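Heads up, there are several structures right after this.
The two complexes that follow have chain A in common; it is paired with chain B in the first and with chain C in the second.
Now for the complex of A and B:
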């Protein structure tokens, strides 16, 4: 075959794939916006669910707040663990075998189906530790889910940094802890924040880990971390699954998508504003 | 007795021995030059003296190094590195302002008095011969300086922790004649207060500034004497050949 034709075919294939992906994605988003927009009004956003069965009328305010709380707990829990793991592996660990084992474990954790994480959270956190179905149990389960996501990215950031700068700091007689806190963290703060925001988006949309550990059909806005919560993905699942209200389900999906898009756009703004520095 | 005594020092990476049984006395407040062909282990020697080799995986150090009669193995890495500073071959400025680069280490020691810090920054920058060029904008990013200025900033930064010994790994390899001259003049001045060990590829540079010169070949210390003797009357045939340009 003529190599110009080959080249043309390759270009065509890439172009068509791109268009297909883009159009599917925008179709989903636009479809949900169109369907959901009609049920969106102020009461829907700031009201509690009402009616019999519950959710057929009223709003989703407790679910929005519940989802945001779950995400915050998950992010805090996962970020603290992920950053310390990444720093240990990149700056302290000199043992090649241990490094390999840790990487294997982290990559495996990333591959665990989220419903199995939910089951673990249910047996261990909810029953064994006695947290009950609660914000805490769900937040930690979601945290376990996004931990590898954050860890792998933070480790990559640290791995790609200029080692000579780190050595220069050591050569001044400064310990690794100071080097990390005062040199690496300020330099990579933005990248790490972007990663955490993306991970938060991942957590807020997940239903499987919270079905068994945190979410319930109806609960007010939680006052303690040990209270059960409503969450958007679970509320959506109940509204459709139990045939309660398709319109309200699309409204919920609409709100969830808006939250997700925000979480994904924030990192882009975050990196854009760096250009102005 | 010198300020640093190196005794039967061998360093290996994995199974490969890089430095073989080095014995050397470094004299206080003098400039000692280390010369030798590429890959012979000069940088490794410097990195061993201030414990930086320990950061490399698979490195192993045998023998001992005494700093003022104390075995460095019995001191903490941080203490040794504070006393024995190292300036790398390529400038390693932190991506902060010039001022922040200079106060970075002092902040660790709890020194936060603005006036004192400012005074210290000014003093060290002057010693490194950089002050006049940057005094009007210390908040400029260090990465916007020229290569030679960055190298001098790194030397000034190394001085901020008041080391007694300064190790320099080919500080002039990327610089032009004028910048090289600046740095050489500064080093000669510095040697009144500090002990300096400098690795250089430039034999005439060693001749110009060093009081003592050591020649390393394939990880062995072939010859070590005062610069005058080493260059005019080398005892070892290999040294003469190197000086005459045979190993390049």
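Now for the complex of A and C:
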């Protein structure tokens, strides 16, 4: 009898937790969509913020563009670093000890909280290098944040590659640059792009690193990389934190989530279209 | 031709790989350099163990014990809430549903992990905090508990992913054997799976702890930001929220500025330790 009670409790535990997670999940998504959808319209998306205090009326166009720019800079910066590091670790590095140390270092970089990266960006990029609060400083800070994310996944992709290709190319005496650029890159291009898109979604939603390095309450669409920008997550924080407009905050959250979902769905479509080939 | 490309390609790759490793040391060095200044004025023990943070009063005091304790309190509350639910849900998606619905559920949970923390903060402020104010008739619903509940939702995906990965691994390995022996699924879960995934559960807890300690925006929006000793239903302030709120206002080069860096340095050391532990736990996971 005791066993049946135990089984029942275990079943209950699994069932209740599953239902709790699912209901929380659907609540969050439905909540944002219901509240957000009613407060957005075309003017909200293509208009600049207006009103006193700023943001209480008008739209969020500069923030959308600012966020996209920040994401692009972050992705370019992080992808170049991450792919180089992954290629080095997978193809060039022969020293086991060095390999272990580098893995630990990258793992630790991944664990640094985003606000510390923001502080580092503030003291090093903004003040020391004199970039000021700018697109560039914020982009690089976000880039440092997503670099370990991309590196770990690209390295995994390269690690699971078809070793026959590599050994065959070595046997032919081809240099490693040829092996990577002409043989491996074309095969794994899609996977790498998917990873970068996911990382971009991660960067676009992050507020903590850009509070100190890039974002301001109001700025027009930036013309140079040294101009301060508006960004969606920071704008959302200001709207709600300063109690400016809950309505517009819902709208901003909605736009942010839609952008993110697009970035999340693109890789899935990407892999589906490959499945069809 | 290929030889020339290789001659250019190889040093660039090596250089960039070196840069990526140097970033971590650059970050540590800069935060350390900026925080050392304050320890000339305030003894390190007083900084860590004193009880009041008043950086801009006439006789400024810099002590972050309540803030460190609050950071831990919120994170531990979140883990206490999230761990049982996370393990339960991991068992649910590993053993009680089909392959197709598992994949769908997993990708939805991953989307949950991708929702920006400001959006969680918005929901926390407008749903959880408001509920507290109405339900318990508190003057202000911003509290450690509200932060803990919100953080619990945010760290659930990490716990579920880490645990269910290990569970599915074990299921693949032993399901056939235990079916042949006529062992019930529930007996298998409680006597084989749960003991075997204990390491993964510890890893997920450490990972979640790291995430929770470093979380800025969501916690900052629901915790009230008062640097006092934390109580479950009272306001508190965590290290990340302290930095995010006061950094912009602190005059560059002032003690306040360096004090904030020192607080950041304490947080960074805590998280580096957590991550080194996590790295070694993960390397030892094998079935």
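We adopt the following convention: the second predicted complex is superposed on the first by the 258 of 277 C-alpha atoms of A that agree within 3 Å, B and C clash if a C-alpha of one lies under 4 Å from a C-alpha of the other, contacts with A are read in each partner's own complex, and residues count from 1 in each chain.
Criterion: a residue touches a chain if its C-beta (ideal position, glycine included) is under 8 Å from a C-beta of that chain, and two chains touch if they have at least 3 such contacts.
For clarity, every value in this text was computed on a predicted model and none was experimentally measured.
Touch criterion met: A:94 reaches chain B, while chain C stays clear of it.
When the shared chain is aligned, chain B and chain C each come close enough to touch A:178.
Judged by the touch definition given at the top, the superposed model places A:104 against chain C, while chain B stays out of reach. The partner of chain A that touches more of its residues, comparing chain B with chain C, is C. Of the two partner chains placed by the overlay, only chain B lies in contact with A:168; chain C stays clear of it.
Of the two partner chains placed by the overlay, only chain C lies in contact with A:127; chain B stays clear of it.
When the shared chain is aligned, chain C comes close enough to touch A:144, but chain B does not.
Once chain A of one complex is fitted onto chain A of the other, the partner contacts of A:193 are absent, as it touches neither chain B nor chain C. Shared contact residues of chain A with chain B and chain C: 174-175, 178. Chain A makes touch with chain C in their complex at residues 3, 6-7, 10-11, 13-18, 20-22, 24-25, 28, 31-32, 80-82, 84-85, 87-89, 92, 102-120, 122-124, 127, 144, 147, 151, 174-178, 180-181, 198, 201-202, 204-208, 211-212, 233-234, 236-237, 240-241, 246, 249-250, 253, 256-257, 260-261, 264, 268. Of all residues in chain A, those touching chain B in their complex are 94, 96, 162, 164-165, 167-175, 178, 182-183, 186-187. Contacts from chain B toward chain A in the complex involve residues 50, 52, 55, 57, 77-83, 85-88, 90, 92, 94-96, 104-105, 107-108, 154, 157-158, 160-161. For chain C in complex with chain A, the residues that touch the partner chain are 2-3, 5-6, 9-10, 12-14, 16-17, 19-21, 23-24, 26-27, 30-31, 34, 84-89, 91-93, 95-96, 105, 107-112, 114-119, 121-123, 125-127, 153, 156, 160, 184, 186-187, 189-190, 210, 213-217, 221, 240, 243-244, 247-248, 252, 260-261, 264, 267-268, 271-272, 274-276, 278-279.
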